[in-house]
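Worksheet: the structure to be examined is printed underneath.
Each chain gets a letter, A, B, C and D, in the order it is written, and its residues are counted from 1.
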Amino acid sequence: MAEFMSLKDAVASRVRDGDSVAMEGFTHLIPYAAGHEVIRQKRRGLTLIRMTPDILYDQLIGMGCADRLVFSWGGNPGVGSLHRMRDAVEKAWPHPLALTEHSHAAMANAYEAGASNLPFAMLRGYIGADLPKVNPSIRSVTCPYTGEVLATVPAIRPDVAIIHALRADLKGNVLLEGITGVQKEAVLAAQRSIITVEQIVEDFGSRSPNAVILPHWTVGAVVAVPGGAHPSYAHGYYKRDNAFYIAWDAIARERDSFLAWMEVNVMQAGPEAFAARRPRAA
Amino acid sequence: MAEFMSLKDAVASRVRDGDSVAMEGFTHLIPYAAGHEVIRQKRRGLTLIRMTPDILYDQLIGMGCADRLVFSWGGNPGVGSLHRMRDAVEKAWPHPLALTEHSHAAMANAYEAGASNLPFAMLRGYIGADLPKVNPSIRSVTCPYTGEVLATVPAIRPDVAIIHALRADLKGNVLLEGITGVQKEAVLAAQRSIITVEQIVEDFGSRSPNAVILPHWTVGAVVAVPGGAHPSYAHGYYKRDNAFYIAWDAIARERDSFLAWMEVNVMQAGPEAFAARRPRAA
Amino acid sequence: MTMHTFHTSPVTPTEMMTIAAARALKSSDVCFVGIGAPSAACNLARLTHAPDITLIYESGTIGTEPDVLPLSIGDGDLCDTALTTVPVPEMFRYWLQGGRITIGFLGGAQIDRFANLNTTVVGSYDEPKVRLPGGGGAPEIASNCGEVFITMAMGNRAFVEKLPFITSMGHGEGGDHRARLGLRTKGPTRLITDLCVFTPDPVTKELTVVSLHPGVTREQVQENCGWPVRFVADTSQTPPATEEELSVLRALHARTRKAHGGI
Amino acid sequence: MTMHTFHTSPVTPTEMMTIAAARALKSSDVCFVGIGAPSAACNLARLTHAPDITLIYESGTIGTEPDVLPLSIGDGDLCDTALTTVPVPEMFRYWLQGGRITIGFLGGAQIDRFANLNTTVVGSYDEPKVRLPGGGGAPEIASNCGEVFITMAMGNRAFVEKLPFITSMGHGEGGDHRARLGLRTKGPTRLITDLCVFTPDPVTKELTVVSLHPGVTREQVQENCGWPVRFVADTSQTPPATEEELSVLRALHARTRKAHGGI
């Protein structure tokens, strides 16, 4: 049931040490403001779940919030490596990071199975690939009609899902539009959820009858954080800050420059800082 | 690949005796005009697939087009029985009709599996129900992680899918809106397809970025038939003709009255007759 | 205030059934609505004491607020007034199987003492005396919703000793049958008829009369039921229809008749 | 007309790679686009000889026509110019696994002679020397698309005798390996590099050079490849970049740099 509250209270009440947390958003609508609040509140031992870990997860990992990463592609899209993620995996800094690695198809199906209350997902996948050799959770079922063997993965059922959406109405119904990724599935699959939005409106008004909406009785904490997806973007609000994604490579390359940046821009800042970070409106 | 043609040519080129044919539309957008053309062209031995057989399938069955019906609920919604379907099942008139019966959940999942190119679908379903005793295609798989046993059904892959949509553009892209049922899945699961639309427009113009669209390279024959869903309806074009659904009960109750009505309104009519049947605009 | 003070015609058994059924619903419920009697009860609840109830129809319409009763589960009015409308596979996967529905509201052609329902056939499946519409969404509504309410008019051909076919499971053979099949949902918790209200016995799960509608006797109930009916010791009287309940229901039916060109 | 007549700087090997890769695509193709070099080639094809090509990115954007090259697979421009955008689970279920994609266009960090790709790790998986981004969509793109094109710049660390990790299967151990695993798709049918174009041998499936880019020698190809390279007897010369190809590509990159604030 939707509850409006501050981002600080949302993270304090919904995210616990040791939780499995899915912060989703497929390039679009990545919940940076909420992720930064998790860092400020110094959560530890998290299992971080995300198809495409990018800068936000580089920050969480570099600040020591995560013990495990469940993912299918981890990089700075179009720029290069995630230096903090690599440092954790290759050199165990700030501490070791265990990996549970899938393909995109497997993870998308695993979220879909979680939203569908199924214990596992099946796909025509991983054929001839090495991932099943290093990820024991990839198994198989046999079709009871054709005998075909299909790959399986366990359904993803996070303790907490965190997403950023475009708008919420006064009841707490939540609207997404554009590239919706796996956010709806992540929220429906999770036990608890935090949803930041660009704005809270009285009413969604005229819209497609098939608009992507999470009803108020399917969501948890709802928080207005204008600009809360920056440097990711919000369809119709502001564009992706590609210049920042490029700049991040130098910031994150060394531990010192990373820590210095985080101190100023995350530890000493708050959600209200995001509004000013938005590039020109899309 | 989309091809514009007449309804007569569409059915002549896409529907063959003995085919499995899914005419979908969940109350909304039922392809009556196309179904009537199948009756006029006297197709025989069809396996008719549809979650909710209503008047259109009553007509196809009563006119002897079908040997088998794959379905999950067969009736005249809110009115009563389908007298022609009952006559075929109970008294083999005009000839016997074999049944493959599912639940809605199973059929919806079976279409989804067909669209996903999976050999079968699984669901938490049929628990404690008698259908698995009379439908041998309902089987099971065991979860490789939890040991839970889940019901399975074979994917639905029709020879032909027939649907009615709102609009097509000049490339043959097809737009649906409102209650979209399983139409998109049926077309993606089928080998061939026929799509009638209310109108063909130069361009869809401004729309939701997440509009329900079948790209031109996923559809087959595309035919403009204004009113082609009557007595069903088309979102934004005309309302459901509930008075006709009520009137059908008397028409279909006796074989003679049914045959007389079909002769005048289907055998001696054509797709052009549908435009005049539309009730007041929605 | 009771019905006797009305300046309108007295409440009919069918109206009493719909009104008693509507009272079982709360504003906080998320209700998967079967067509027919359940739809009337759910919308009466929404138009009276449960204005914020979330009504879901299997056509994919979520949070719908129709002005008239739909003739089908997919009338345009359901989509036009819904919060949003999703594809049917999503409805059954994410919403029903997803476990997000608190109440499934069903009707049926036949029922037995353990609230199992038949809407498939009378007679044998292969050579049916009467071929009924089939299960539709019922088999999974019965297993996946938090609990199930059923509303049906009583009669010896509807309330039977033994069902020819179990379309959707209620409490099966009674007792812990559901639990033995791995079901964690409650199953049928309330049966509202035109004569009385049944709830399952806490242990045996046999349907037991807990309240009689105004003016109805235990004998009438037994005459219209194919099995020996059990009554709780302190059977109460169903509170009579209020003037508001009756006037809202009749106005709803009048709007509906007008809209559908006379059903 | 050849590049020598240009009044602009000569074509670079990377530009020649993109141009040769773009030529492999047709207007009738439905192409699942990997980020980076494949994205540049696919959009160059769309802006030159294949205006009606359908480009699909794994973010769910179908039939997209970006004005600049996206930095990520989900830039807003992809959604704003798409026919429609679907959820990511649907993209992988209905569209990729559904078998509706004719061409999957991939890049990679490392490749072997049978066109298997590694984008996961250098060194051992548990103690990697270099942790790469991982497979993303590649494992299922490689198995579910009608055929696969690959574009990569050559070099001894990229074109290796043995991969430390097979992220996505090409022709496996060669021969009929794909068929033996039940795959009915063609797998990699073309590898376009900065020096030449490879296609798999019809029988052994080993990548074989069929054409050398203008000015490139067999020796250069061998020097930049970790396995002994096979050449077809009648190795041809890749047709030089045309003025149109080069000017459209450079304009595209210029627009892209401007839009992304300098990459």
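Just so we're on the same page, a contact is a pair of C-beta atoms (placed from the backbone, for glycine too) under 8 Å apart; a residue touches a chain by one contact, two chains touch by 3 or more.
Please read all numbers here as calculations on a predicted model, not as lab measurements.
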Where subunit A and subunit D overlap in contact partners, by chain label: B
Rounded Å distance between subunit A and subunit B, as computed from the means of their C-alpha atoms: 39
Geometric centre distance via CA averages, subunit D-subunit C, whole Å: 58
Residues of subunit B engaged with two or more neighbouring chains: 112, 117-118, 123-124, 148, 178, 180, 185, 209-212, 235
Subunit C residues counted as touching two or more neighbouring chains: 79, 85, 93, 97
Pairs of chains found to touch, sorted by chain label: A-B, A-C, A-D, B-C, B-D
Complex contact set, residues of subunit A against subunit C: 112, 115-118, 173, 185, 188, 209-213, 215, 217-218
Partner subunit A, residues of subunit C touching it in the complex: 30, 54, 62-63, 79-80, 82-86, 93-94, 97-100
Touching residues (chain side subunit A, partner subunit B) in the complex: 117-120, 122-124, 137, 139-146, 148, 150, 152, 154, 177-178, 180, 207-212, 235
Partner subunit D, residues of subunit A touching it in the complex: 26-28, 51-52, 71-75, 77-79, 81, 85-86, 89-90, 101, 103-105, 108-109, 111-112, 123-131, 134, 148, 178-182, 184-185, 212, 233, 235, 239-240, 242-243, 245-246, 282
Residues of subunit D that touch subunit A when the two form their complex: 35-36, 58-61, 70-76, 78-79, 85, 87-89, 91-93, 96-97, 116, 120, 125-126, 128-140, 142-144, 165-169, 172, 177-178, 181-183, 259-263
